[in-house]
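In the two assemblies presented below, chain A is common to both, partnered first by chain B and then by chain C.
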Partner chain A sequence: MDVPGQINITPSEEEIEELLELTPALVQKRRSQVRIIFDRFIRNRAALVGAAYLILLFFFCFLGPTISGHNQPDVIHPADASQAPILKYPFGTDDVGRDQFARAMAGGQVSLLVGLTSMLAAIIFGIGIGSLAGYYGGIVDNLLMRLTDVVLAVPLYLLLFVLSATFSDGSPRSVIFLIAIFGWTYAARLVRGEYLALKEREYVLAARTIGARNFRIMFRHMLPNAAGPIIVNATLLVGANIILESVLSYFGFGLHPPTSSWGNMISDGQALYELAPWLVFAPGLLIFVTVLSFNLVGDGLRDALDPYMTER
Partner chain B sequence: MGEYLLEVQNLKTYFKVRAGKVRAVDGASFAVKAGERLGVVGESGCGKSVTALSIMRLVAQPPGEYAGGSILFEDQDLLELPESAMRKIRGGHIGMIFQDPMTCLNPTMAVGKQIAEGLRIHLKLGSDQALKRAVSLLEQVGIPDAATRASAYPHQFSGGMRQRVMIAIALACNPKLLIADEPTTALDVTVQAQILELISGVCNEFGTAVILITHDLGVVAGMTDRVVVMYAGKVVETAPTDELFANPRHPYTLGLLSSVPRLDEQRTRELRTIEGAPPDLLQPPPGCPFMPRCTFARAICRTMPPLDPVAGNAAHLKACWVDVTDPKEQAYADRRRKARLEAMQAVINTPTDATVQQTS
Partner chain C sequence: MGRYIIRRSLQAIPLLLLLSIFMFLLIHALPGGPEQVIFNPHLDAAGRAALRARFGLDQPLPVQYLVWLRNCLVGDFGYSFATNQAVSAVIAQRFPATLQLFGISLLVALVLAIFLGVISAIRQNSPLDYTVTTISYFGLAMPAFLLGLFLQDIFAVQLHWLPVSGTTSLGYTFDPFNAFLDHLLHLVLPVTALSVLFVAGWSRYMRSSMIETTKQDYMRTARAKGVSPTSRLVRHALRNAVIPLITVVAIDFGAIAGGATITEGIFAWPGMGTLFLDSLQSRDFPVLLAILLLSGFFVVLFNLIADVLYGVMDPRIRYS
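Here is the complex of A and B:
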């Protein structure tokens, strides 16, 4: 109904479409939180290289044996003993003729498994202790944090040597357990610190006004807000745990042969260092680059998960 | 059930600090009927927010403590309830909106989920159902395209929108009482009116009683049925809103009203203020807490006046010995005010060494 002199102000569907096309900024879909973090992460070159290396390493360790055919880490080839790296044995062989390439991959599986699982166990335990201490404060905080201090005050390596000599059967499971029961302390302190700050936030009070229980507030509301530092810490902890496992294995307190790990490969190879340096270099380089990559990824995540991030 | 939905009787909330006890709320009493809108006004630090938190029983203990009084909600004393029953009250029966919507929403949780949370806690809805209700709540508080916005995060909302979300959260479980603690202070003036209208509209719809805490007298005038004026942790006057604005009976209320700048008066008129500052709540003065600033003050004010009905109007209560409508008292107060101003002027105009040097 077009009354003369009256302007039709309701735009038609087509006109709206047109308007939307003219203003692309408004139509642009908002990026999700995860997407923002991802975009920021991939802008960090070093972290990207680290992440790429780690992905390759996973393929190398878990798919490598099947694809390359180097899937017999424990089989002895006496005819090929002490072979320098050649095409058939890319990492050479040791004095009894074991394929070092196959051993590196098998050892990598163990090292990654130990590093990741013990990190997971330590982080979960650390989150539990830290969030209880930080949230409830007072006497709970005091007890738990003094316990943490006690664990931190113990000379770690010596205790691990003693414990593994007494209790460990040299299986990956027992080594994971040993590493995890001492790895939680830094995570606990970190989480406690985060919770001390977070519990003063107004949205925690707001959550309380809708009748949320303490555990809901702790794990639904506060934990995601503390996730950034925890993830960073977890990533760095993987590297530290891989080193710890290697050290234990190097001294013979970690994984027992025939289970190979990068640590006990170095330990086995060092006696023959002058004759066959590749026995030490290959696993040593793998440990070095892997730990470095985990740290680079951790640093990248630290920047990407910055709580003061803006949508840029 | 009694006449009132909520009855706060002689509430005392103290905070223990090293120097002693801060009497943040010191014997406040007021009541809210079902569906009624009550305004609580007073300047900063007079115990408004602590009163609100006390009703929710969310004052951190320690350092806070409930030193006395009772808070009857549907004839149940909230101060006596076990924590588990209190959690059902929070969000389920009493909702709360805070001042700053920027910090009161969890930045890591989608807003739909935050609204749904209360529904899941109190109505035991499944996550799908709760989310559906959350979307319709978002629509009700006037957020366009609610279905997609429900999965957005707080940082993707503007301040006014966030306050709308807060309102949706507070009203999700259809509470009987909504406590709004300065809901518009952090917002743009243009948005303030929208938010107030929304609160009043939605609460009408749900039949929710409202306690509106504010220091903005204009907000109170437009929004509330009754007003409580607080000073230094005490209720000094309470009356139906129209009555209070037309016929204020406590010197503090008088001061508050006359310090509101008006558009229709002379531009050159000096802005009126209440001289002085609220008393130190660590050592409140004996007697009427307003006495040190009050121009009507007499010797009798050294003892605390009771909160009694004004002659001829049982709904209008004041805690003051003086009848401020008496012309004799008014003249006395005027004289004291002038004397005070002159004394202040004298202090300001006293030549100091610096000014003497400048002029010579």
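Here is the complex of A and C:
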């Protein structure tokens, strides 16, 4: 716009680059938010190891059967029953001669799938309830939080045992459903807290002023800003869900045979623990290291996200 | 202070009512409803009608709920399918053992968590800190039943240092002192298996809470005043640092209950946990639902106690 008396001194592209070259020490390459967080995450060695293990685990479980040829978890080899780990059967065999290596991979697929899917369902549900409670406040908040308190009041394992004893048919779908139904409470509380704080920000007021609908404000504007703690909680929730599923399966209330999961394998192998300890060690170690990795990654994310948030 | 307690108690009552409605609906949501569970499938129509009238199942649902609620408040939880004893008697019989396991584990976990969290915090980034943090990570990743199995195998079966299961060994009936020692030995493994998970989580929380507290201005003032390090630690830092821990412990109370059930199952501890697992197998619903209701009640009660404790320790909460 031509204002009389104003001198237009905006530098051109080439001039900007020349100016930057003069002061190299002050130049900071512009990084996106995601890149900043990623760089911070990489600096945390433990989290990096955890993330690396998880990537390897995914390859192991989902590509392993095809690559290594151990793709028959349910086929019995009576001649080779109760073998200790050897080259042909890296995790040994159980008392009916099933290849434990193949079972570990198949079980891993199921355990990981159940853990991730139940986490997604729980998080989506938790975000839904938490955002409504935090954004609208007042009576909606009161009611929803009371509901959350009731669900939280009964000890989780007890309720899950009873519900899966009566309703579950042992398929992955019912187990995912059961775990997700009770996993949303913590996420809902978290999201509600975030939204209560974010509600007072100026951009919310600005969006409302120009007439944005409530849902649009909640999910297009506030959710990306609340995403940090939600992502951390989601990662830790996967680990918790894997443990939960394995406990359920161990007591016979989770996945029923022939679906194998790591928890199943432990309860099957427990009876023969004296003679064949590898039957328990393999799935047990897998569960332990997997959950540990999820926890490390979750904590690494928390450290990567938090300082960034307070830096702004 | 009294008003705060009354206010929190009143807030807990609607929660308990909602909980009872939730449990009641659970009974009726079971496939087939309570009829399916109670009635002999070979009964004819007239017999079913008679039984239905006797159990009050022909009444409208809200009436059934009120009757059930009144019974629960009086302590009448019905009769067990498996043993035909009154449910309240069965539970009362098993309650002391669980109370023992639960209470001792809670105490041990709290003391250990506070201790480890504090020494981690005051010796931050030292080898000790790293060791404690690493062990915490391990404790958090280990499923409770797996830890119990391994502990049982290593210490009881392989090394014979501790008994495998149960509360007592044979042969101590006439010797109270040795019986007491023996009982303590029986407690070691289950308590360890149950508390490891919570020591891991709470010590990390205590550590970060302690670090935050020591950074506060009043700590610097205390040091400038010449307060001794011990007094600074205990009277000033610790008292303020444990306050957030109360919230975490209250949240985990339900988890301890679930963990206690699993631990009791593994170590054959004759408490409510094994009662629960056995009733699950035999589909003994009156017992199951009574246990669920009681656990929910205790969780709410414990949360109330935690809130009151919070108010005692942090005056800002009382007057908000």
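In this section, the second predicted complex is superposed on the first by the 277 of 312 C-alpha atoms of A that agree within 3 Å, B and C clash if a C-alpha of one lies under 4 Å from a C-alpha of the other, contacts with A are read in each partner's own complex, and residues count from 1 in each chain.
The rule we apply is simple: contacts are C-beta pairs under 8 Å (C-beta built on N, C-alpha and C of every residue); 3 or more make two chains touch, one makes a residue touch a chain.
Quick caveat, the model's predicted, so the values are computed rather than measured.
*Asks:* Which partner chains sit in contact with A:Asn225 here, chain B, chain C, both or neither? Use first/second/both/neither.
*Replies:* first
*Asks:* Touch test for A:Arg201: chain B only (first), chain C only (second), both, or neither?
*Replies:* It touches chain B, and chain C stays clear.
*Asks:* Of chain B and chain C, which one touches more residues of chain A?
*Replies:* After superposition, C is the partner touching more of chain A.
*Asks:* For A:Leu156, using the defined touch cut-off, is the partner it touches chain B, chain C, both, or neither? Pick first, second, both or neither.
*Replies:* second
*Asks:* Which partner does A:Ala271 reach: the first (chain B), the second (chain C), both, or neither?
*Replies:* neither
*Asks:* Go through the superposed model and pick first if A:Asn295 touches only chain B, second if only chain C, both, or neither.
*Replies:* So A:Asn295 only meets chain C here.
*Asks:* Considering only the touch criterion stated at the top, classify A:Ser246 as touching first (chain B), second (chain C), both, or neither.
*Replies:* A:Ser246 sits against chain C, while chain B stays out of touch.
*Asks:* Per the contact definition in the header, classify A:Gly211: touching chain B only (first), chain C only (second), both, or neither.
*Replies:* Once the two structures are laid over each other on A, A:Gly211 reaches chain B alone.
*Asks:* Just to be sure I follow: which residues of chain A are touched by chain B in one complex and then by chain C in the other one?
*Replies:* none
*Asks:* Spell out the residues on chain B that touch chain A in their complex, using ranges where they run on.
*Replies:* Residues of chain B touching chain A: 56, 58, 87-92, 95-96, 98, 100, 103-109, 117-118, 121-122, 152-153, 155-156, 166, 169-170, 172-173.
*Asks:* Show which residues of chain A lie in contact with chain C when the two form their complex.
*Replies:* 146-147, 149-150, 152-159, 161-162, 165-167, 239, 243, 246-247, 250-251, 253, 266, 270, 273, 280, 284, 287-289, 291-292, 295-296
*Asks:* Help me check something: in the complex, which residues belonging to chain A touch chain B?
*Replies:* Contact set of chain A toward chain B: 30, 33, 201-203, 205-213, 216, 220-221, 224-225, 227, 307, 311.
*Asks:* Which residues, counting only chain C, touch chain A once they are in their complex?
*Replies:* 14-15, 18-19, 22-23, 26, 30-31, 137-138, 140-146, 149-150, 153, 251, 254-255, 257-259, 261-262, 265, 276-277, 280, 283, 288-289, 291-292, 295-296, 299-300
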